[in-house]
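Notes follow the structure.
Letters A, B and C name the chains as they come in the text, with residue numbers starting at 1 for each one.
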Amino acid sequence: MTDRQKQRLLHRSIVTLAWIIGLLMFFPIFWMILTAFKTEQQAISTPPLLFFEPSFDNFLLIQERTDYTKHALNSIITSFGGTALAMIIAIPAACAMAFKPSHLTRDVLLWMLSTKMLPAVGVLMPIYLICQKFGLLDSRFALVFIYAMINLPIIMMILFNYFRDIPKEILEASRMDGASTFAEITQVVMPLARGGIAATAFLSIVLCWNEAFWSIVLTSSDAGTLVALVASFSSPEGLFWAKLSAVSTLACAPIMIFGWFVQKQLVQGMTFGAVK
Amino acid sequence: MTRTLARLLQAPSVILLLLWMVVPLGMTIYFSTIRYQLLYPERSGFVGWSNYEFFFTDPAFWPAILNTLTLVGSVLIITVGLGLAIALLIDRSFPGRGVLRVLLISPFFIMPTVNALLWKNMMLHPIYGLFAVFAGFFGLEPIEWLKDAPLLSVIMIVSWQWTPFAILIFITSLQNFDSEQKEAALLDGAGFRARFIYLILPHLARPIAVVIMIQTIFHLSIFAEIFVTTSGGPGVQSTNLAFLIFAQALQGFDVGVASAGGVLAIILANIVAFFLIRMIGRNLAV
Amino acid sequence: MRSIRNTMTGLAVGATCLCSAAMAGELTVATVNNGHMIEMQKLTSHFEKANPGITVNWVTLEEGVLRQRVTTDISTKGGQFDIMTIGMYEAPIWGSRGWLEALEFGADYDVDDILPAMRGGLSHDGTLYAAPFYGESSMIMYRKDLLDAAGMMMPDNPTWGHVADAAAAMTDKDNGVYGICLRGKPGWGDNAAFLTTMANSFGAKWFHQDWKPALDSPAWNHAISFYVDLLNNYGPPGSTGNSFNEILALVNEGKCAMWIDATIAASFVTNPEQSKVADKMAFAQAPVAVTHRGANWLWAWALAIPSGTKQADDARKFIEWATSKEYIELVASVNGWGAVPTGTRTSTYENPNFLGAAIFAEAELKAILSADPSNSTQDPTPYTGVQFAAIPEFQAIGIAVGQQFTAALAGDISVTEALENAQAAADREMRKAGYY
């Protein structure tokens, strides 16, 4: 076997292995989607059914019982809103930290992360009472703000990490061209770190999307997100696995489709290699 | 960018987070020193350390600390290890790469409670779960996961959900890797092991540190997965600190004791963070 | 001191109150996601049609989460809900705190038609604070075909000894049939609820007259040992994680020969659309050991109005509608008599259409009538409640004790150790709460 053939064989087996791992990782979700098309009786059958006549009854029932679009809209507003707010605050701050670090930078970053160390359930009463005082129970605004705050430290941390990959020479070059700080950030840093920014924003959106404590505790009928919708189908008295699978499929479908569209962006990476 | 401007740009994030931290934390510390049981609003008053004492003397306290650390440590090792391996595997071009990426990341899209319900009933249940079916297929006795290995089951479920997070961070970082450098190393005839140790690992040190820090914070306060699958049992085998606080706050509705538990959780988190920083903090350093 | 706490909160947040008053004519109802409530949600259009100007918004959550939500809301006077769905555990406690509006209805409502056990369990000092929407007790559900094949009989009031014999006779592990399935997942509403009824019947109780926990008694030891032996010998694998739904799945797949649980399960296991053994099920009263007292539980999901809501009148109108005889007839006319909410009204069990449609009706009524929350143990106790003690501390105690029972079932510790730990945990909570 020549070296080339060896290389190709290696490549093929690595790709095969990657696919096997990917399919295994995805299998529980595949199973959930499959279950969404079963009847409750089929869902609990032993041995589990792989082939069966698919039924859309679960989805029809969900539509009949609840307002999917309202919950989906709330999820979109709160997770995108919270992420946008956090990114607007975080990008300039992370830039400043990456390109003008001081001896405090590391401590500030770690302190930020430490604001996330208090378990949510431990601060339930303070936050609940505050929201109550301000009339912010069951409001999307409160969720947007809370999501921005709980994700801000993570966003700062990850963005800082990506921005530090950008060679300082590039910034210096642009400064000599007389670019303002604003222009530096929007025209130099952001395009260069596009992949990193996209990945960070995406992560934050997913974290908001699945946030299952505040979105249930602080909402009732108006601001309920898809998480609250899923909670209304989880563990009633009686069989529920098929219905829960269907509603979960619906709840994560938008974010999965979104993920599909942005995945190219995510791994675009930074294109400054040639500049060096 | 001047120093002043740099400070100005950081100010909004610092001030907002300071408010976000100080107000609830102040209230939590205050609540932890008073008698505050939601179901007995008429009882109140300063109680000194007794909420802490109650939480601290719970026989489940030390096992819970141990379980918390085991859970965080194991999940970190599994997710970083798997995440790294998978990210390296798919760091090449091949047809269908985009699809594979989405498949690999998708466990992160499922809500934690649903994830736990799915695993408990459809995967791990010793009668109608898929694992039992596979075991039966090979003529093996099905394993009673939630009885014989409750903490391991929780670790498995959490790892499945968080490996995608590590993959996502690692693949984006690998993309930033200078391809010229990689090619040069290849031309030098460096083997995979040499490339991994001298080239890839140093490059990924910072993303690894980031993944570890962020995941640690999340996993220290996991409770939904535990509540749904084992309710902390059998005994206290899968009870962690967050679950103990949850039981006080939302089962016993004792805000005083739960707040004391919250403060203890912050202390534990800071101790963990201190050691983490000593181990990996260099990579975050400026 | 309470006011200092409030001031503190007020100061911390700037003391401005923008509390948005709920819109007039809009009722927000918090409810559990069980089948009967979902049906109520669907039928609400009938109520809205009959009462123009009132619209109803729903917040539907699973039981545990709902309980956390409504408790947080009512104890902080959050005002998020006009009607709350609560259980027999909460109603007397919250009623005694003055958190709920006393319920009074017109003559048409016929409050005397409500089963006395239900009315009693939802009242405090003779005042009704929550109207029962559906109620349940517990009983044995068993496979008549398997029992016949084993050549055995099931008396209407079996003993635990007989149940163990029957379980032994019907167990056929090679074919995946287990003699008995019982709850094992820790939780005050999970294994602790079932085991309390079992222990009651073995002569045990939660607390002595002076509120000292009584978990270290020989009666508890007998009951838990019996349970552990029974499940380890004849129960399915995975029992430590099983609660109502997990066992329901097993029964419907024909894996369990006997199951002792909520009477509401009867309507699921006899439904051919989800059960493979729908035509093979039969019912008997929950087994007894040394006393019949407290051998079967009593529970109701009920609707209540938090005090201070601005829409108490509209809320009362809705509750009057949802828990009326007419509502039961409405459900019957839409979905048939087999689907009506049961366990609340005498008139339901006198209706021949219902008796014809529900083969479990007689056993269910008998179980509900025999349960008495105020007299549920062999020896007198200071608490009410059959499968729980209606005191605020019980939830925290229940989960800690439930975990110990699960540990004993898993074989990690002995029954004696489990009960010692359980006693210590209960003692801690009671001391903290200042009972002694």
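Definition applied: a contact is a pair of C-beta atoms (placed from the backbone, for glycine too) under 8 Å apart; a residue touches a chain by one contact, two chains touch by 3 or more.
Since the model is a prediction, treat every value here as computed from it, not as a measurement.
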Topological distance between chain A and chain C, in contact steps: 1
Which two chains share the largest set of C-beta contact pairs: A-B
Most remote chain, CA-based centroid, reference being chain B: C
Euclidean distance of C-alpha centroids - chain B vs chain C, Å: 35
Distance between the centres, which are taken as Cα means, of chain B and chain A, whole angstrom: 15
Set of chain A residues in contact with two or more other chains: 44-46, 124-126, 129-130, 231, 234-235, 241
For chain C, residues contacting two or more additional chains: 9, 12-13, 68, 72, 76, 176, 249, 253, 255
Touching two or more other chains - residues of chain B: 23, 27, 36, 121, 127-128, 250
Residues of chain B defined as touching chain C within the complex: 23, 26-27, 30, 34, 36-42, 44-46, 54, 57-60, 120-121, 125-128, 142, 144, 146-148, 229-237, 239, 247-248, 250-254, 257
Residues of chain A defined as touching chain B within the complex: 11, 14-15, 17-19, 21-23, 25-26, 28-29, 31-32, 35, 44-48, 89-90, 92-93, 95-97, 99-103, 105-106, 108-110, 112-127, 129-130, 149, 152-154, 156-158, 161-162, 164-165, 181, 184, 195-196, 199, 202-203, 206, 209-210, 212-213, 227, 230-231, 234-235, 241, 244-245, 248, 251-252, 255-256, 259-260, 263-264, 266-270, 273, 276
Contact footprint of chain B on chain C as seen in their complex: 1-2, 5, 8-9, 12-13, 68, 71-72, 75-76, 93, 97, 176, 185-188, 190, 236-241, 246, 249-250, 253, 255, 392-393, 395-396, 399-400, 402-404, 406-407, 409-410, 412-413, 421, 424-425, 428-429, 432-433
Chain A residues within the chain C interface of the complex: 39-41, 44-46, 64-66, 124-126, 128-130, 132-135, 137-138, 216-217, 220-221, 224, 228, 231-241
Residues of chain C that touch chain A when the two form their complex: 9-10, 12-20, 28, 30, 32-35, 38, 41-42, 57-65, 68-69, 72, 76, 78, 80-81, 176, 244-245, 248-249, 252-253, 255, 262, 264, 268, 273-276
